[in-house]
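Each remark here refers to the structure printed beneath this line.
Chain lettering (A, B, C and D) follows the sequence in which the chains are written, and residue indices restart at 1 in each chain.
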Amino acid sequence: MKQYLKNTWYGIWTVLIGMKITFKHLFTPAVTIQYPDVKVPLPERVRNRLYVNIDDCIGCDQCSRACPVNCIEIETVKSLPGENLGTTSNGKKKALWVTKFNIDIAKCCYCQLCVPPCPTECIYMTDVYEFSEFERDNLVYKFANLTEEEAVEKKSNYEKFQAEKEASRQVGAAASAKPETPVKTQQENKNE
Amino acid sequence: MALKTETMILNMGPQHPSTHGVLRLELELDGELIVNVKPHIGYLHRCFEKHAEAMSYPQVIPYTDRMDYLASMYNNFGYVIAVEKLLGIQVPERVEYIRVIMGELQRIASHLVAIGTNGLDIGAFTPFLYLFRDREKILSLFEMTCGARLLYNYMWVGGLSHDIHPDFVRLTKEFINYFRPTITELNNLLTFNKIFIERTANIGVLPLDTAINYGVTGPSLRGSGLAFDIRKEDTYSIYDRFDFEIPVGQGLVGTVGDSWDRYYVRILEMEQSLRIIEQAIDQIPDGDVKAAIPKRIKPPKGTVYTRVENPRGELGYFIISDGNLNPFRVKVRAPSFVNLEVFGELCKGHLVADVIAILGSIDIVLGEVDR
Amino acid sequence: MKNPEEIFELLKKEFPEAILGIDKEAPTEPIILIDPPQIKTISLFLRDNPELRFDSLMVLSGVDDANGTKVKDEDGTDVISGGTLSVYYHLHSVYLKHKITLKVSTPRGNPQVESVYNVWRTSDWHEREAFDMYGIIFLNHPDLRRILMPYDWNAGYPLRKDYKNPEFYQGMKVPY
Amino acid sequence: MYQFLFNLSGSEIIATIFTAAVILVFILLFVLFAVWFERKVSAHMQDRLGPMRVGWHGVLQTIADFVKMLQKEDIIATEADRKLYTIAPVLVFTGSFAAYAAIPFSSKLLGSEVEVGIFYLLAVSSFVVAGILMAGWSSNNKYSLLGAMRSAAQIVSYEIPTALVVLSIVMLTGTLSLEKISQLQTAYFWNWNIFGGPEFSLAKFLLIPFMFVGFLIIYISTLAEVNRTPFDIPEAESELVAGYFTEYCGMKWAMFMLSEYANMFAVSAIVTILFFGGYQSPFGYLGNSIGAEWLVPFEQAFWFIAKGIFFVFVQMWLRWTLPRLRVDQLMTVCWKYLIPYAFLNLIIVGFISLL
């Protein structure tokens, strides 16, 4: 009987305590933010969309190798001895034409493993987080600044150069020169 | 004359509001009484272990994030400790302190979700949102430190991805001061609410010997009354330097080892975590946050099994290295996976409504169960 | 509290045949090698001996040792034949606070290990997982089904080193 | 109002239809308001904002939702019992709608002056059970079935404490008519039944605590009758997905919601009438003091609706504070706690009113 009354009392009392708390919260300001109108300031280290400053990229493929989900796709073509590709902002000399630098941001897992290996600090994460698309293909970001024709040209230039070199090397040797296989980076093979 | 009756099979999940993900429970019901429970898992299976074999050691870390996505920091912690043990390297003091602070903050954040969803399953919506509000504050601390809110990839082999932010210490202290009173409020609102007690006390009682035999760890084991905490038992990192207690279930309102005890242990544990953070935050030494490790991590041949006290229990990494860049085998002892095994045992003889109360109290994360 | 060497000596004395040796080469912890059919007896001994009291199984992990010979299949993929699959048992005593690792190796062609289901119930799902991932048959396990993979997955055991993805699963293309 | 319309038009049919239409409009408006109100109350209790986009602080949100609901495809599961499935929501709504017929919104504004009003209300509100059972059964879904069974057990059980408390009021007032009960508690708030009724005597003071207990009991049990938290086990979201209306969508689902909110007001109205003076103003009427007699019924309607909405607010308040009970505990609360207390209360009130 005592337990019975105690249960009743306890039941009512704890409900009242709870009601007091929720009533108090009725008048505390809300923490919700009206999102598209109001935005939370992001901290400086925030990890969102990747960006590549292609002018600084030397095509070393380090970021691509660090990526755990293979979302970075890089193709490079060696430059000819005469060509000057300029230097990066921290003074490294470029030696490769970056014919393809694609980041499939849909695959990206925002782990930031690609950022530290970059020798020229040209790949980094920005604070842009609203980049949804209706087409999945639009999420493949192409950073290479060579046009397609240029890329093809560079490639054929290099192949020609290579063939010439090969030819000159084999001039005295066996007459049957092997047909030249197109140069492909390791990355390309992996992604096929 | 006895009536001929049949049991009814009720499929709970894989899409159900309170199976905490894609767990499918095949309930055999007699009216509303549970005759048998058969959990079916694997709906979220990504084969982390196969992935890990194809990745280099640092690349595995983002994948560990995605196992127990509510305690990513701790998953990183366990993994990096294992690899460091394999490599035989010592990380700087500063790193250890920051790791411990992050780990404990993560423990609080994870327990907040556990407690909140446990309440939510039982029907209390409001505490859940209060707790999520507080969790946001912790996530903001993490975001400030490493830039991500949920999947941090923060602890790296031999160090951390970033040093802490200059404001971190101040904001963490502010958080501690803010958070203490909210625990009291939570206790008043939910923990000692008569209805909540009725729903959880004496429900899903897990006796200690069963718990040990089933390998249950973490708050679920402590709820059964055994002060077993790997932070003290098999101490790792620098946990031996801090003064904290291991809360155990005492059967305050019911039997030792019931759902309420498991729930309450989490609340007490949050307070202990606050204590650890308070002790650690003032002692962070200066220094570098990266140990001198080779650029390409290539541990020697060998095996290692390390375990850490994840918010859900014993998180173990069993790594076999064959001396290559990629681990030969990574086996994860996922606490939720093991804790879920005992679930069928706990539910027998209870009602449908108790199933979710028990499930909430053992606190599983399906990302970890299925890996 | 005993260290692994002492436990090994104790076991060696008790089960001279079943204990195959101790691998102290492992950099972190020694591993005791055990004959697969005997694992249950030894487990029971380890659990019930008052000096050992290994009352909890921390983790049971299957491993593909990949120590067989690689042969080319007819369609040009590598298939491992021969060699062993192993199961590691990490034990722990809650009360006496010591740990030990056991290992059994079983031939890849016909991998069979005695189940420890009745010793530590933890092993229930772990054994199912090892079966699911490596195809190791645990004898006397009451409910040895696939656990993580679909029940009707018939393309092999995913964690074996020579596993390759099937083209189709129930009419769905597997590599997306 | 029926009388007024009857005199105006001279036709029973027109009077009935118009009365019904007015009440229906009231219900619809109330539901539009209540859904928004519930969302706002819950949001602010949880430190959120709730709907903010449609109109000022989202007042038009419910209308937007209603439009959305209208556009939804009406899906009937192939294995469902189509006839029952279609009838069930209508039946549920009919039950709660019919209850409004006897509720006196003011001395002039009431659907029908039923002499046994309170009896009618109790009877008709349990009509809902039939609809719920029908919905649960016809959906051919195990969750729905469980929900329906729970609901039936719950509503039937909680009729008893309600009836017992109603009895104590009937004993005190000596009438079953809701209109008369309201009239008796006239003038100032200390004449309300919760404060022991209009007669000024020793009995009045003795009655106050017991009336208060009676109020608590009837409030709790009506809460259970309308399936609100902590008694929302028939639709327990985290257990049974949505209980008996799991399979419903679109307008049929909206009908269930409509009847749920309509019921919330109906039971609040019962509590108001029985204990809080019905449509009576707590401080006298403005219309009387300025000599505008015609204003009085409107004031009364205002007070009635205000009181009703206050109790609806308390229902919401409870909902967003408490966890829910388990099905057996629900029965325990009813049979082991509420009924004995209600019974005891009835006896004591009976004795006191004899004094």
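Rule of thumb we're sticking to: a contact is a pair of C-beta atoms (placed from the backbone, for glycine too) under 8 Å apart; a residue touches a chain by one contact, two chains touch by 3 or more.
None of these values were measured; they are calculated from a predicted model.
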Next on the checklist: Between A-D and B-C, which chain pair shares more contacting C-beta pairs?
Outcome noted: B-C
Item to check | Chain closest to the middle [Cα centroid of all protein chains] | outcome: B
Next on the checklist: Averaging over Cα atoms per chain, report the distance between subunit A and subunit C in Å.
Outcome noted: 39
Item to check | Whole-Å gap between the CA centroids of subunit C and subunit D | outcome: 63
Item to check | Separation of subunit A from subunit D, taking each centre as the mean of its C-alpha atoms, in whole Å | outcome: 58
Checklist entry - Which integer distance in Å separates the CA centroid of subunit B from that of subunit C? => result 26
Next on the checklist: Going by the contact rule already set, what residues in subunit B reach two or more other chains?
Outcome noted: 126, 130, 133, 189-190, 193, 195
Next on the checklist: By the touch rule stated above, which residues of subunit A touch at least two different other chains?
Outcome noted: 7, 15, 18, 21-22, 25, 31
Checklist outcome for this item: In subunit C, the residues touching two or more other chains are none
Checklist entry - Looking at the whole structure, which two-chain pairs count as touching? => result A-B, A-D, B-C, B-D
Checklist entry - Can you list the subunit B residues touching subunit A in their complex? => result 55, 58-63, 65, 126, 130, 133, 136, 140, 143-148, 151, 153, 161-162, 165, 185, 188-190, 192-195
Checklist outcome for this item: Within their complex, subunit D touches subunit A through residues 41, 43-49, 52, 216, 317-318, 320-322, 337, 341
Checklist entry - Okay, in this complex, where on subunit D does subunit B touch? => result 42, 45-48, 142-143, 146, 229-230, 232-233, 236-241, 320-329
Checklist entry - Which of the residues in subunit B end up touching subunit D in this complex? => result 8, 10, 16-18, 32, 119-126, 129-130, 133, 189-190, 193, 195-196, 198-199, 351-356
Checklist entry - Touching subunit D in the complex: which residues of subunit A? => result 7-8, 12, 15, 18-19, 21-23, 25-32, 34
